[in-house]
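A, B, C and D label the chains in the order they appear, each numbered from 1.
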């Protein structure tokens, strides 16, 4: 089989997604309590739609869609891919049910496998399958975060699996970048997203990037010293967020700071684990309080040669903007990344919820500054 | 057994509720797409809570609640019954699951039956059980309406059961009430709600109450003659509703007026069936267009001796207010009806979704004037 | 001059409106801080528009409007009178200025006077002028209430005029109505609004209507005894209002209950004056706390033969609905009253802000139950 | 006099602000139709407060504030300067009136002049006065933009003054920047804002920055070719903005594109003038349609040596973020710029509404991407 590696990765990724849901009940898969959450069954279907729409429907002659309405129901944001339901209405549909969606997954998985096994896909289709795998991996992480959020709203204490949320980080030496022109962006022949390119030169000042992520214990001192009560540490919009949301601590911390909510249920508060579920405003406020700052994404990428990372996504002080000379992918898939390059901040690294092998030092994650339901943390830097 | 009749009615009612859900999937039971909708599994649990909270918890010594959090989760609006979740957040909980709630039902049903069989309940407890049966019957109708609404949002065409939504009404002679003093309100020894009392005198003018409900076909003429385009027929707030909602026809009618959505799936439009799923504004606009008016609830109640009713709840032009000398029930159950006596309009009769035996000519149903997901219709009256 | 009485009343009313604004600054006349408030200069213009649109424009041949856009700008809610700006945008216009509107008033006042002096108006036009006078009197009261609200938002303490807000009511004997059939509604040949007709029979139970309005001092005891903290006294929607608005006392009371805000500036709190600026929910909660109830409008109207009234508008427990046999005025003016007969509660009597001679025992005022910027108060009744 | 230059500039700036309002009516100065608009009289007072609070109150011993409430009323966003009214409530105050505020201005102007004339201010106070002048110049531009917005909402066509909105730009050669390390940021001894510092190195790629601003005529072609109908040109959030706002053209363009609204009233549409009143989304969509891009702020600053600018603020594709090594001013004035460095895009240059002498090539203006009531335009760049 020509595309054996793709086939193996495809099958493995599909299974892994379903594995994440091994312990959920159908009821857990329906809800969208906030607009930034998608119903878990929607993730299962949307990642399947991606293969059906961009591979089967485009490259198999006379392909008949699995269901006449799924193209409408499971398109996420591709304006070029026809009608779609509004994002805020993803949680308005009880049907198709969870098990119907598993059947849908099964069907499309088999079709893609059959095509790979019989070498009936052209090269571009295989490239799309590889993209679809990356896409599904991204949704695996979203699925985990969304499940955690949905389950946390119940009064019951539910355990899905142990993701290692209590593990402390590894400490080592800080990294000193010497000022000068550096190159950042993806270099190589493997997969990368369009937003990681082109590799280009950038000027970095003298800076130290710390090796250790900020811990829960350190963040607790920030709180105790009035972190959420003193406007001076905050962006103006961050301070509005504090006042409007009433936030007094990271998401999922219990009031008394002795327990916090994990995918494994409530756990005793781990003082040494990296602080998690904070947004960009909180990360910046902490950095200001500490007399340091967040690194830029260029600094982060250069420092990535030395620092230990991978426990939390790390907020940078870089806005999500195109690299010089950036060109989005051609066609509808050009909507994948480029159209989101405004009003969001870049996060770098990866997290305990990121599927293995999905990470890259040049990877650019991005979220709006007020969001904090991802596994996000803080790495500090300071000028010399 | 002393309370055999209660026991039989209790068992039957509990089963009937579950029967309504016979064909639903767990996913259908979770959603709350609008604030006036409750998740079906919430109805199943709340009607159970009613028996547990007002009977078992109060009358069984040392009663241990089935689950420590269900009193919080399934209290609806009783301020006197402790903390409760906000109405708009009923759809934020995936747990307990549908099957866990069925187990809860089963447990409480058994406890109540056991108590009735062994005559361990005092009289007041039995009265509460009888109220709980009435309460559950009310929720059966809400459950049916909510399921219809939830399922209608899916793109799939789902059939739950045939409620007879296509059946035409029976026509007979109109009823002429001669002006004078009449008595209305409940008289008798059977169960009635506090809001139906006291029986009292009221003055009714000369009026004719029509025997036939307005049909889909008649309502269609209203639409064709510009009913939704001409402010003159509408209350000012009704006209705002038309403009803001963009309403052009009753709920569940398809655009081309050739199909409409039922609990049995899409059906060919039945010209002769009573118009349904209209709100008070629409009912009033139709009456104005027809040069007639809606009856008052007193007129309706007197006319009820002669007219055929029971296919649709019928909007009256009476606001939901206390009868002269009205006293709410004592204690927490005083919240059942009295505190809602503002901003709502009275509906009289009953509908195809009302459980058999739940109806009474003195029954006062009430909804806000903009709501139309109930099986509501129009009966006209005119002055002489 | 044939219509001398109308001419005199017209001139006097026009002047009185302007007199209310004698001490305002142009800046005070522009603002609409809440949707239920209209900018004072809008009132001045709208009452003028009423005469221009319904009299001059309709009855003067070849009448040329004063300004091409004023029909658009100053129509309030008459759908039949062409385009109009949305109510919530009345405060979006700095122009025409206050002085331009005074010029507009002046011009139209002269035109109407000229027509009356030269007897060039047909009878229907004179009837419209009389209606326009009543209409302007209604707006005088709204203008006073709106000015009070607007000025109260300033940090400065501004005195416009002394309306007698501190005056205590007169106490005398309560009035006992004996049960039976009574007639209510307007009877006579003078002006009345269409909603006061037809005079009709109604059945009233045995009831005592108190002669004295509830005082600030009595209301203060209600507050001290937890009136705003105990759900039991409130309608469900009233209780939501308490929680959402954070209301803890009537509008314009200072926190410490030692001062309150009047049109004459801050005044020392008058314990004996009738409680004012409360809404229907508060009136009902007080009545429940006191173990009494609000009268119905029929009870009020019969009691009006004996009770002293006129200091405050008095909330009744009657919803604003048509009298049996009610017919709105013909044509566009049919929109004056009829289309508002839903979701509002009737107030009876009149207040210190009502222009002299505008009141009638059959007068039906109406507001939404949450509003309280009018001079509203409480009269209690109880069943025998 | 030691600070003669400051004195002259101060007096001139104060007068110029008042000159902008020469033709307004008091009613125009009160309104805040959108949250991003401030009432003109608020600008007049706030700029005065700046001198009173940061100079007189801090540096004059025993200074007695002009009015006990003005510190509360006219603080804008300085959390460190005590209580303040919420931004969205600036338009809730009719008092102090326009003329009272002019008296306030007059008083503070005299106090500052007196202090400068008698050399009683320490050096830091003079620096604050210089900052206050810059601050007032910024508000002069805001005042002009806000007046234009407020007046545009009237149905009348009002002329305040001629700002030269019809003037076409000057065309000349495009500017080619050769890739390499450049320095940007303020260098010199005159006034600059903290956000323009420190001067620092940055890497710029090969790029051509066009000399001419995009014209109304060119933008009209974009519209005619479906610019507002094709999602492909837009950021995702830009496309949401198009759909939700219903925008089809720049602000102040009439539907038929034959007139547009200016501070001089309605004017015949000037095809050759630079397109104005567009937001960042529109600027980006136009650039995408044209196959080019917006310059970064670093590119713009280097190109500023050659290009003609000053007719419109020019959107860049740079997010408003701190320069490497940025330190906000000390104390409360540190809130001036730093806390806004998130969610906004940088604009460079200046506009016809910017007071003469206020501009600098290193000046960083910033607004949220959806705002377009400023005199904003488009300059394009392209990669080589």
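Rule of thumb we're sticking to: contacts are C-beta pairs under 8 Å (C-beta built on N, C-alpha and C of every residue); 3 or more make two chains touch, one makes a residue touch a chain.
Model, not experiment: these values are computed from the prediction.
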item: Topological distance between subunit A and subunit C, in contact steps; value: 2
item: Reference subunit B; chain at largest CA-centroid distance; value: D
item: Length of the line joining the C-alpha centres of subunit A and subunit D, rounded to whole Å; value: 37
item: Euclidean distance of C-alpha centroids - subunit B vs subunit D, Å; value: 58
item: Subunit A-subunit B separation of Cα centroids, rounded to whole Å; value: 45
item: Touching two or more other chains - residue numbers and ranges from subunit A; value: none
item: Subunit D partner contacts - residues on subunit C that touch it in the complex; value: 25-31, 33, 41, 69, 72-73, 91-98, 150-151, 153-156, 158
item: Subunit D contact footprint on subunit A (complex, rising order); value: 77, 79-80, 179, 181, 200-203, 205, 231-232, 234-239, 280-281, 284, 317-319, 321-322, 324-325, 335, 339-343, 345, 369, 383
